[in-house]
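Below are structures written as structure tokens.
Shared between the two complexes below is subunit A, which has subunit B as its partner in the first and subunit C in the second.
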Partner chain A sequence: MRVTFPHMGQLSIPVKALFEGLGHEVVVPPVTNKFTFELGSKYAPEFACLPFKINLGNFIEALEAGADTVVMGGGVGPCRFGYYAQVQREILQDLGYNFQLLLLDPPGAGTKELSKAIKLLAEAASPGRILSALRLAWVKTRLLDEGNRLYRMQAPYILPDNTVRQIYGDFLDQIDRENRVNRLLKIYSTFTVKINQLRKEVKPKPVLRVKIIGEIYMVLEPKVNFDLEDRLSELGVEAHRQISMSGWVEEHLFGVFFPHHAKRRKCLAKPYLSAFVGGHGQETVAETVDAGVNKYDGVIQVLPFTCMPEIVAQSVLPEISRDFALPILYLVLDEHSAEAGIHTRLEAFVDLMARKKRARDLRAKIM
Partner chain B sequence: MKKRLYLGVDVGSVSTNLVVINEQGDVLEKLYLRSEGNPIKSVQKGLAHLGETIAKHTLLGVGVTGSGRQLIGRILGADLVKNEITAHGMAGLFTDPTVKTIIEIGGQDSKLILVRQGTVVDFAMNTVCAAGTGSFLDQQAGRLNISIGDFGAIALRSKYPVRIAGRCSVFAESDMIHKQQMGYPLEDIVAGLCEALVRNYLNNVGKGKEILPTALFQGGVAANAGIKAAFEKELGFAVKVPEHFEVMGALGAALLVRESKMENGEETSFRGLRLCEAEIAIDSFTCSDCPNHCEVVTVLIGQERISGWGDRCGKWQHLAKEATG
Partner chain C sequence: MRIGLPRALLYYWFGPAWKAFLQEIRLMPVVSRMTTKEILKQGVRVGVDEACLPVKVYLGHCLNLMSECDLLLVPRIVNLRKKEFICPKFMGLPEMVKAAVTNEYGPEGKERVLVWKSEHRSFWDAPPALPDYLRKLAGPGKIKTGLHRAKQVFREYRALLHQGYLPDEAEEILAGKNVHRREQGAAGLGVIGHPYCLYDHFLNMSLLTLLQRREYNYAVFTPELFSEEELSAEVADLAKPIFWTLGRRMLGAVRALRKKHVAGIIHLAAFACGPEALIGELIRRECQSYGLPLLQINLDEHSGEAGLLTRIEAFLDLINTHAHRREGIGCG
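Now for the complex of A and B:
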């Protein structure tokens, strides 16, 4: 089996480790690029959301590169993602590709497809090997998430010194290449030492704190959100996000062992949105409330055009924005979005927050 | 006596505007020039116009805004390069401190800026549709064979504006043609178009936002009395058009650079009036110093390579820093 899967931020690093650990050959799709956008939007239905189109583009490029098995996630609830794998399979078959699609539905969606997928993926490996592959993938996922968090906290202070970018880039490369758990932990601790050292060398400066919320794919994939996090780091903004790869795995695959995610979400969102609306709609509301309570300078919601759960959440956000005097920027993106427009909005939003903060500090001083 | 001046430049899609203000923020000179696809030329033309004033007095800072701000900012050696939302907000607030809503419609985009207690709290820009912006109005005036300058006056003559489909500029146009073929009078069609465009703006840009008086209407389209009247009819309160409505972006840039200079007191990095005469060329190439193969754009003033961007490593951007000191 030559296995492929869709990109989503750094997801390819742990997933590649997992499938290779299970004894498969892995075809990582080419990094999402101009052609991925073109292929995806050409063959996808016009009103499917951008993640659907980019996934499809990734699959086509990977199948062209010799993959014969596509592994795709599924979902439950009102978000259309739950049905994407099936539609993508039909489209790819119509295009004449010869492949099998393995569907990793979360346990809530029934176990028929899931058990079939697991059986095929794991049949060649011994239980010990399966366990160590899972462990390796999990360690990589956690370290990537933690590394990103640290980088986003410190980079705005250190930039425009480009060394910090280099260090982060090297860290990602090393995590990708290394397959021994103890070495991985070492790479991570070296990385934290380097970043913290750089931070100590620069003068402290005022930065803003922003929380990124919205649909998970758009939040995690820099290729579709116009490098949102990098852009914020450059503009002197600490970008925080609750949404992460490991968070998703904990909540959606092993929710029984990690009940605090769901509890946090329901608790925070309750005064504004008590129902599950699919996708990350309720998270979006919950994290906006959290940003308000913890006095963030602003919130940026990123969603694909036509995303149903996020539109439901969006209609609630103005109320939270009023209650906490919390500025919110809405970025609705698809393949037609233009970079200049997004950057102008981001820059203006950062100005807005900075001026608001300055006025507030001034008032506090006078009082 | 030598006055201390600030220059603001707004490089937009349709027009390039320059404003000179004094330390109090009063507008001493303003210029509204058509960009005609060559913003560098129009800025040079503008500078030549203002040359006398600038040479006589002391220029303390230059601020640039608009869609061409990066390029022009590098060429001028600007002290401050800002997005047009912040610039328009600043100018609106300075013109009328009681302002709560700023409606700005320019050549190709339209914005809504909400202000509360003296700070910008929210904004929106048109995303999916350019109906109602200056370029579209220009086009329609051309098609109806009237001058864009008369557009507003004609609209105001109408008593019974016809209803025109305004959701999409293409459909608005075909609906307009249809109404023309049906024999409706010109002024009713023009007024109907104004109303359709205002509805489109309020639905697209103003969606879900609280639009309160005092509202300022700025940008080139504010010259159109028909659109202003349509806004007032739809909103139910008077909309003010400030004196310098057509150059508010440039005014904002000048005010912003004034603010930053008053804080830091640094000398201006403006390259000087020699720019009016200089031969300015743009050169783009693929840098092959590393595997990234970045598309680098650089600007040449005379023989001197002053600035570059598009590179990931920062090598060409540093060139700019060394040159401007």
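Now for the complex of A and C:
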């Protein structure tokens, strides 16, 4: 089997490790590019959300590159992601590709497709091998998330100096190539030492703190949000996000063992949005409240056009913004969004936050 | 006390039952009038830009009602069946309404919104789902009889829709008025879509009655003409069940309509409707494989009547040629 899967940020690194560990050949789709956008929006339904289109583009490019098995996630609704695979399968079949689609449905969506997928994916591997592949993928996921968090914290202080970028790039590369768990941990600790060393060498400067919220795919995939996190680091902004690959796995696949994610979400969102609305709607509200309570300088919501859960969240965000005097920037993106436009809005937003912060600091000094 | 019920979204599914419930517990239901341009405009003004058309219409109805009633009853409909949903926006509807009302009337406006949380099985059998305020006001005994009455009316109402009456006609019949059965032509035409697209005469410019008028003279079939069992049986063979109730019913209706040998299907979708984007694609493929003519129309706040009519007429012409060709006459 030549297995492929959709891109989502750094997801390809752990997923590749997992499938290779299970003994499959992996065809990683080409990094999402302009052509992916074009393919996706050409063959996808017009009003499907952007992740659907980009996934479809990824699949087409990977199938062209020789993949014969597509692995896709599923869901139980009401977010559209749960039904992506069914429609994508039809579209790809109509385009004449010869492939099988394996659906990884979460428990609760019926086990028919899931058991078929697991059986085909794991048939070549012994239980020991499966476990070690899972462990390797999990360690990689965790380290990538942690590494990203650290980088986003320190980069805005160091950044005009480009070595920090290089160190992070090398770190991603090494994590991708290394397949031994103890070596991975060592790579991570060297990375932290290097970054922290760099940070010590530069003069401290005031930076803004911003929380990125919204739909998970749009938040995690730099190719569709126009390198939002990098751009913020360059503008001297600490970008934080609660949404991460490991967080998703913990909450949605092993929620029983990690109940704190759901608890945090429900507790924080309760005064504004007490009901679950699918996707990351309630998370978005919860994290905005968190940003308000912890006095962040601003919040950026990233969502694909027509995203249903995020629209519900968006309609209550103005109230939170009022209550906490918290500036919010809404980035609604689709295949027509242009880089220059988004970056201009981002710069204006950063200016706004900076001015607000200066005024606040001044007021504090006078008082 | 006057309780406002917006005539939008799933009012077309539950409306008369909600009304009967309120009447039974001695409150006065005030239903907003049919959608008008002003209502839509108001909704567009207060809604989130990205929200879909039906939600904007709903918000418009809410604002319109605020001046005519004391309290507004807004349902939080999670699902109509186990393991299914309607759409995330129905689950967050009360919050969206509260945000819009607060914008217009300040924080006091928010206090006037009552939330009825309805979930599978708890529609008419779960008093705790009702807003606390109503339960305290009416007392448990009255609530119980009220819900019982609502359940009864709901059944009657659905039965009337099943017989082919439009929601406003069914409502009149329930109110004891005499409604003439409309004459229907011989050729069948399927019109599918979410109930609030099909039965809102303003949004679709009275498409259903138009198709039944003399110059077209079609027998119009909507998903409401089929029973729930029929519709779910039609889509039982899907690899993964569709988890949006209305979407599942629509795909089921396409398959059932084919068995009824309709001449064609018109699919009314609302602009920016999420589930419709995917289900529409499946419906298109389904019709293509049957060779069944399909017209997909996106309703939005700018729809002009002339544009819509032209498309409908072109489609009906196409159906006629299609039918003639199949019979071997007309094109030589």
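One rule holds in what follows: the second predicted complex is superposed on the first by the 367 of 367 C-alpha atoms of A that agree within 3 Å, B and C clash if a C-alpha of one lies under 4 Å from a C-alpha of the other, contacts with A are read in each partner's own complex, and residues count from 1 in each chain.
Keep in mind that, in the parts below, a contact is a pair of C-beta atoms (placed from the backbone, for glycine too) under 8 Å apart; a residue touches a chain by one contact, two chains touch by 3 or more.
What you see is a predicted model, and the numbers here were worked out from it, not measured in a lab.
Clash-free side-by-side placement of subunit B and subunit C is the outcome of superposition onto subunit A.
Of the two partner chains, subunit C is the only one that A:281 touches; subunit B does not reach it.
Judged by the touch definition given at the top, the superposed model places A:355 against subunit B, while subunit C stays out of reach. Counting the residues of subunit A touched by each of subunit B and subunit C gives the higher count for C. For the three-chain arrangement built by superposition, the Cα-centre angle with subunit A at its corner and subunit B and subunit C at its ends equals 80°, in steps of 10. When the two complexes are overlaid on their common chain A, residue A:86 makes contact with subunit C while staying clear of subunit B.
Of the two partner chains placed by superposition, A:201 touches none, neither subunit B nor subunit C. Within the superposed three-chain model, A:340 lies in touch with subunit B and out of touch with subunit C [touch as defined at top]. Within the superposed three-chain model, A:312 lies in touch with subunit C and out of touch with subunit B [touch as defined at top]. The minimum CA-CA separation between subunit B and subunit C in the overlaid arrangement is 6 Å, rounded to the whole angstrom. Looking at subunit A, you'll find residues 318, 332 touch subunit B in one structure and subunit C in the other. Residue ranges of subunit B in contact with subunit A, taken from their complex: 67, 82-86, 117-123, 125, 127, 208, 313-314. By the touch criterion given at the top, residues 45-49, 52, 74, 76-80, 82-87, 90-91, 94, 103, 105, 109-110, 112-113, 272-273, 275-279, 281, 303, 305-309, 311-316, 318-319, 332 of subunit A touch subunit C in their complex. On the side of subunit A, the complex with subunit B involves touching residues 160, 162, 318, 327-328, 332, 340-341, 344-345, 347-349, 351-352, 355-356, 359. The residues of subunit C lying in touch with subunit A in their complex are 47-52, 76, 78, 83-89, 91-92, 95-96, 98-100, 102, 117, 238-244, 272-278, 280-282, 285.
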